[in-house]
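One chain, subunit A, links the two complexes that follow: it is found with subunit B in the first and with subunit C in the second.
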Partner chain A sequence: MIDPVVWLILLPLAWATLAFVLGPGRGAWAALAGLLAQLGLAVTLAAKVGAGGTAVTHQVGGWGAPLGIDLAIDGLSAAMLLLTQIVALPLAVYAHAYFKRDDPARRYFWPIFGFLIAGLDALFVSADLFNLYVTLELVGLAAVALVAMGGAAQQIAAALRYLFATLVGSGAYLFGVALLYGATGTVSIATLTPLVTMDAPRLVWIAAGLMLVGLMVKTALFPFHFWLPPAHGGAPAPVSALLSALVVKASFYLILRLWLGPLQSLLPTFAWAMALLGAAAILWGSWQAIRAVRLKTLIAYSTVAQLGYLFLIFPLLSGGLALQTAVMQVFAHGLAKAGMFLAAGVLIHATGQDRVAGLAGAAGHLPVTLFAFGLSGMTLMGLPPSSGFLAKWLLIDAALAQDAYAIVAVVLAGGLLAAVYVFRVLRQAFLQAPKTAMLHRVPRSLEWTAFLLAAASVLLGLRGVELMQLVGAVT
Partner chain B sequence: MSSGLLFALTGVILFALGVAGVVLITPLLRRILAFNLMGSGAFLVLVGLAQRNGMSDPVPQAMVLTGIVVAVAATALALALARKLHALTGGLELPADDDD
Partner chain C sequence: MTHHELLPLAVLASSLLPGLVIFALPESWHATRTTLNLLGAVTKVALVAVLLAGVSAGEDYAFRTAVLPGLDLAFRADALGMLFITLSAILWLFTTLYAVGYLEGAPHRSRFFGFFSLCVTATMGIAMAANLFTFFVFYELLTLSTFPLVVHRGTDQAMRGGTIYLAYTLTGGTLLLTGIVWLHHLIGHTEFAHAGIAAALGSEYAGQLKLIFLLLIAGVGVKAALVPLHGWLPQAMVAPAPVSALLHAVAVVKAGAFGIVRIVYEVYGVELAQSLDLLTPLAIAAAVTILWGSFRALFQDDLKKRLAYSTVSQVSYIALGVALFGPIGTIGGLVHLVHQGIMKITLFFCAGNYAETLGIHKVSEMDGAGRRMPLTTLAFSIGACGMIGVPFTAGAVSKAWLMDGATAAGMDWAIWVLWTSSLLNAAYFLPILWRAWFRRAAAAWPEEHIARRGWRETAGLLLLPPLVTAAATVAVAVFADSAISPLTWARLIAAGEYRP
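Presenting the complex of A and B:
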């Protein structure tokens, strides 16, 4: 019998290795076939978890913990696996058409892409803190390699900066795990959860703080966001989409895991500090996005802002639907930002430059792309019926239930600021082009994959209940 | 003071030195070395703290072996990138941030 848990990790490893063996630039078809199968597996798994109402577990190679590795999939994991495959498949189609034959970034895209997806899948099913560290590093190293792929000095510098940030982040996390193991003698999430209580020794508190700060660096929460804009803004469009939609969510997922699981009695002490940083991220990120000269820098700062919403949720986690709200925002931003970066890739490709000011006239030639950009923008602003609207609605609802009016104010202000930077791009694109402007032809598949992801981010708002039921089914 | 605790305390100092190095030093090779110092500190804590009554615990040793593999991979990637940057710019320092 095929166990979807194992194959979700093995399949991307298999096609990535195959692509590497086939040689530079090859292996796209293996990747597409593999991703299609993975999407099927993720849907099967989500249906199983949602219907069964229990977490699916798996012991790798028949060896249980503590010597072997246990995998566990609950509603949250199943939802994240689903998002990963849903975003990865259109991205692969886009990347296949995006990289030209002589593009240096194309040489090792497919193998590294596969290793990144395998790392993400493994991260979402891991059930112990050390395995989570290893998968976190796998994801981080693959992401750095993808940023550096273009090969220009600026991209290499951005990649190195990203590498040092991510290494310090995961180093702090590992140090925390080491202290936690020293204090409790286990790294299994299930075993740790009842062990760590409010009156834990100081060592455990230090461990919790270190793990939290390390993961904040990796999630690029303000003020640790410095590495994100050059890395996400400088990489090729499909890579930027992958990083903004999925990679930063991996470390956020881990914070959420710790918050709801092993460190649930310690971390709520920091809840308001997290929300404060989240609010600062929304305001600062949006402001920088409004000021940005380059299109992709604008979108990258928008990611900084949108990540802020995820951290507003922590003071509300004791309330009913806060976890569902977090996952809804992760989905909304993941789909919308992937769509937006892909649309930006088309615009940059067509106009031959990457400044917002140079987009004039794009609307007449690339209506589908502009529509995709607008739909993604709708989700980021939180207009109904998009999933972004649903996430912000749930967030405001939860905040009002707990009289946290400051959070309501920040969410509303963030939506308005998002409207400013989205309309800045749209307005420029609808201007009459100067007569000299030449637009390059763009393959259709680029435009339509961007549109698909953007439309999905809006339509998810209509089917949000299913997703929330899945997340709520098993916690 | 048991030898385990001594290992752990040394690990804490090494980790702190490493983090300071990665954050504060500009030359790339030194930063990469500082990262390795950081990793070694974490490994020492992992093995040192887990010793109980002089008996060593095999599980953290297995973890450290895995961790060393990860650290080697990260170091290799960092060195490859540093080499590429050196080939392109002739320097071994990160150029100033151009944050438009």
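Presenting the complex of A and C:
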């Protein structure tokens, strides 16, 4: 009997390979079965970590660090694993109906999707910096491949820009890891943590800076967000959902890990700089979303803005609930943005175009999709009852506790700006439809998977206690 | 789970569940939709009756569940909440009947009734909220669920009204949230309690408490249409008549006024609010709103717009009553919460009838409407007399208590405000009645949709609700001293709030 942790990495690799061999038809079913099993495993694991309140470690092949590879799961990892599987399963159901038989992308999607999920799962449980680099690279390359697989010139261009950003990001990170290894002789998080102190040599400071900037590029934090809107806005809808909901969160998770772990005595120096960039991301991203002409560009810029909230927590991490706040925001945005991109996919499919202005009346014929969009929007605006509201509440509460009034102001302004761009789309649904509008039929599974994710983002807002307790179990 | 916990949830569910099912119904299933709507509305009235009997017998109905550690979604059916719930549940039943008749043959009815039910669910949540957090959750839900109703017609004008509505309410919500989190941060909870919770903080927090009070009142003041936060209300009158009824009488402005009552009595406590000098500015804001709303109403030719400005003015009677320090003013304010709802819903039902039957939208088109539609015009006249404060109407009872309250509080200027407002009310309502009853009709009505059949001047479902609410306008005044009147209930609440 092998640990569930290992299965969470092996299963997606297995169905990815199967899908490659069997082709997209039967491969998709293998993927769905695998994802269902993974969801069960992630829930079991979260229950175990949550109940025990302690970390679980696993030594691969029986070899522990420093010789072998250590896997470590605490509340934060368990929560991220849970979110990954919760989002991936409905996404797979959606993708199964989304890609048409003659779509060339259909062949590539399932294997790459599998590798991406395996990479994410491995990243959330890795306990050494080099292993984290490998998983980060795996996730990045798989994500680039998913953007490029449509093969259109625009998508290739977006993918190349994305590839450039992701390579620069992971390159900087790797360089930092190498410098750190040179200075301390280890890459294990547990061993490193006591070795790095405030009076570290300049080389270690440079290493920390490189790692941080590299990960900021990969998380698309303003002003490094240039690659995100074309990549997320140009990819097929299920891919956009995957990238916005999960992939950018992976590098954020890594920043959080470094911040709380090995680099805890260095990185807090940059706390307010991070918050400043986060605030700029919220304002700039929202402004661009308000001005966007195309629906998916609007949603992609909303991602830029929503990622900003995650960086507001860094000055608050020294006290209380800031980590829980970050995880709540990661869940809120993950579920809501996946739901929103999937809903956008339905709207674009039905109307055959993707301008916001072209949606008038169309949404009225797709009430389920409209609801999915509306519920996701509620979460993004931070209106109750929704997980986005809980994240906002926690963030304001934490900021007040440390007299960080500027953060309170930014959060409140961000919510109002989000309302402007969300209602820009929603109001189209209530306009009288032009008589000429021709709508394509949409499979029901597309509409309902989008709805499911959006509804989950709202329902989490009625019951956040368990998630908070799980995250409380951090080493 | 005992029935003491289940009953508040059942009150919420009796409109939430039908609403969710209605969303999923195909547009053409009229009978099923109407049955579900009425079933929900009747069930709710029955549940509220049980709750009301229990609460007057001293039973405690409460339910709470943790949303985050240390943060509860909590409901409690207390005397003050019951006042609002009973009003809303009964008016909802009649508004539903009216809406079924009003929207016959109109498109998107599943969407309309779905959001309609959500709206009432949110109102019930606001009334039963046991802390500010829960209050806020449902307060924002109310904003979201009314927006689709305001823009229901999908015209450019409706969109403009809807956008203005959102801009005001979402900004107000943001202010309210700021105040609530701040208070939660200072006190550690936001539970409503007799005599308030803010008094627990020492006098060194006086400055912060004043600022928080401003934020909270500005937040709920948007929905209560306090001047200068009232701009959305006259714009939102583009909505269909049943929605106007919902906005003006059942749910939205009432939620704002109710919020003011909760904040003054059960968050700050009236003693603390008085000692922090918060009540006088609130009374002045209310007085300005009363006069300004009445004044603007004079110049509106659009009938619904005139009624909307009248609402701006009348709702602030409630705030004024609350701000008059003393139990008599409190009774006047609380009873007006109910009375204003009954009177204003009558007026909007009638305005809807004129528009649907004869295409009359303007005061200048009202000539002779009384002879064509005597029953509707009778109901309208009773509602208008109530607003003016003619004896034996609900409005007279409210105004009498408010004036006594002003005398008792030593705020004689408030009496002049009330008298001036009554004069202005007469000045903008009596010309309408004069035109309707005594002027000769023009050759043709603007747009006659529904022909007269025998004594039935319009569709039955449009006629019944205003007649019932008009009768209620008189009944609550004539039987004001009976055991189940709103006035008796308001006295009970006031006795509780000023308990030594």
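Here, the second predicted complex is superposed on the first by the 471 of 475 C-alpha atoms of A that agree within 3 Å, B and C clash if a C-alpha of one lies under 4 Å from a C-alpha of the other, contacts with A are read in each partner's own complex, and residues count from 1 in each chain.
Everything that follows uses one rule, which is that contacts are C-beta pairs under 8 Å (C-beta built on N, C-alpha and C of every residue); 3 or more make two chains touch, one makes a residue touch a chain.
This structure is a prediction, so every number in the text was calculated from the model and none was measured.
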> Taking the superposition as given, does A:L174 touch the first partner, subunit B, the second, subunit C, both, or neither?
Replying inline: first
Partner touching more residues of subunit A, subunit B vs subunit C, is chain B
Could you tell me if A:P367 is touching subunit B, subunit C, both of them or neither one (first, second, both, neither)? second
Exercise. Could you say whether A:A190 touches subunit B, subunit C, both of them, or neither, answering first, second, both or neither?
Key: neither
Worksheet item: With the two structures laid over each other on chain A, which partner does A:P229 touch: subunit B (first), subunit C (second), both, or neither?
Response: first
| message | Under the stated touch criterion, which partner chain does A:W393 make contact with: subunit B (first), subunit C (second), both, or neither? | response | second
Dual-contact residues of subunit A, meaning touching subunit B and subunit C, are none
Subunit A residues touching subunit C in their complex are 364, 367, 371, 378, 383-385, 389-390, 392-394, 396-397, 400-401, 408, 412, 415-416, 419, 423, 427, 430-432, 461-465, 468-469
The residues of subunit C that touch subunit A in their complex are 23, 65-69, 71, 73, 108, 111, 136-137, 140-141, 143-144, 148, 151-152, 154-155, 158-159, 162-163, 166, 170-171, 173-174, 177-178, 181-182, 184-185
Listed in rising order, the residues of subunit A that touch subunit B in the complex are 66-67, 130, 133-134, 137, 141, 144-145, 148, 151-154, 156-157, 159-161, 163-164, 167-168, 171-172, 174-175, 177-179, 181-183, 185, 187, 226, 229-230, 292-294, 297
The residues of subunit B that touch subunit A in their complex are 8, 11, 15, 18-19, 22-23, 28, 31, 35, 38-39, 41-43, 45-46, 48-50, 57, 59-60, 62-63, 66-67, 70, 73-74, 77-78, 81-82, 84-85, 88-89, 94-95, 97-100
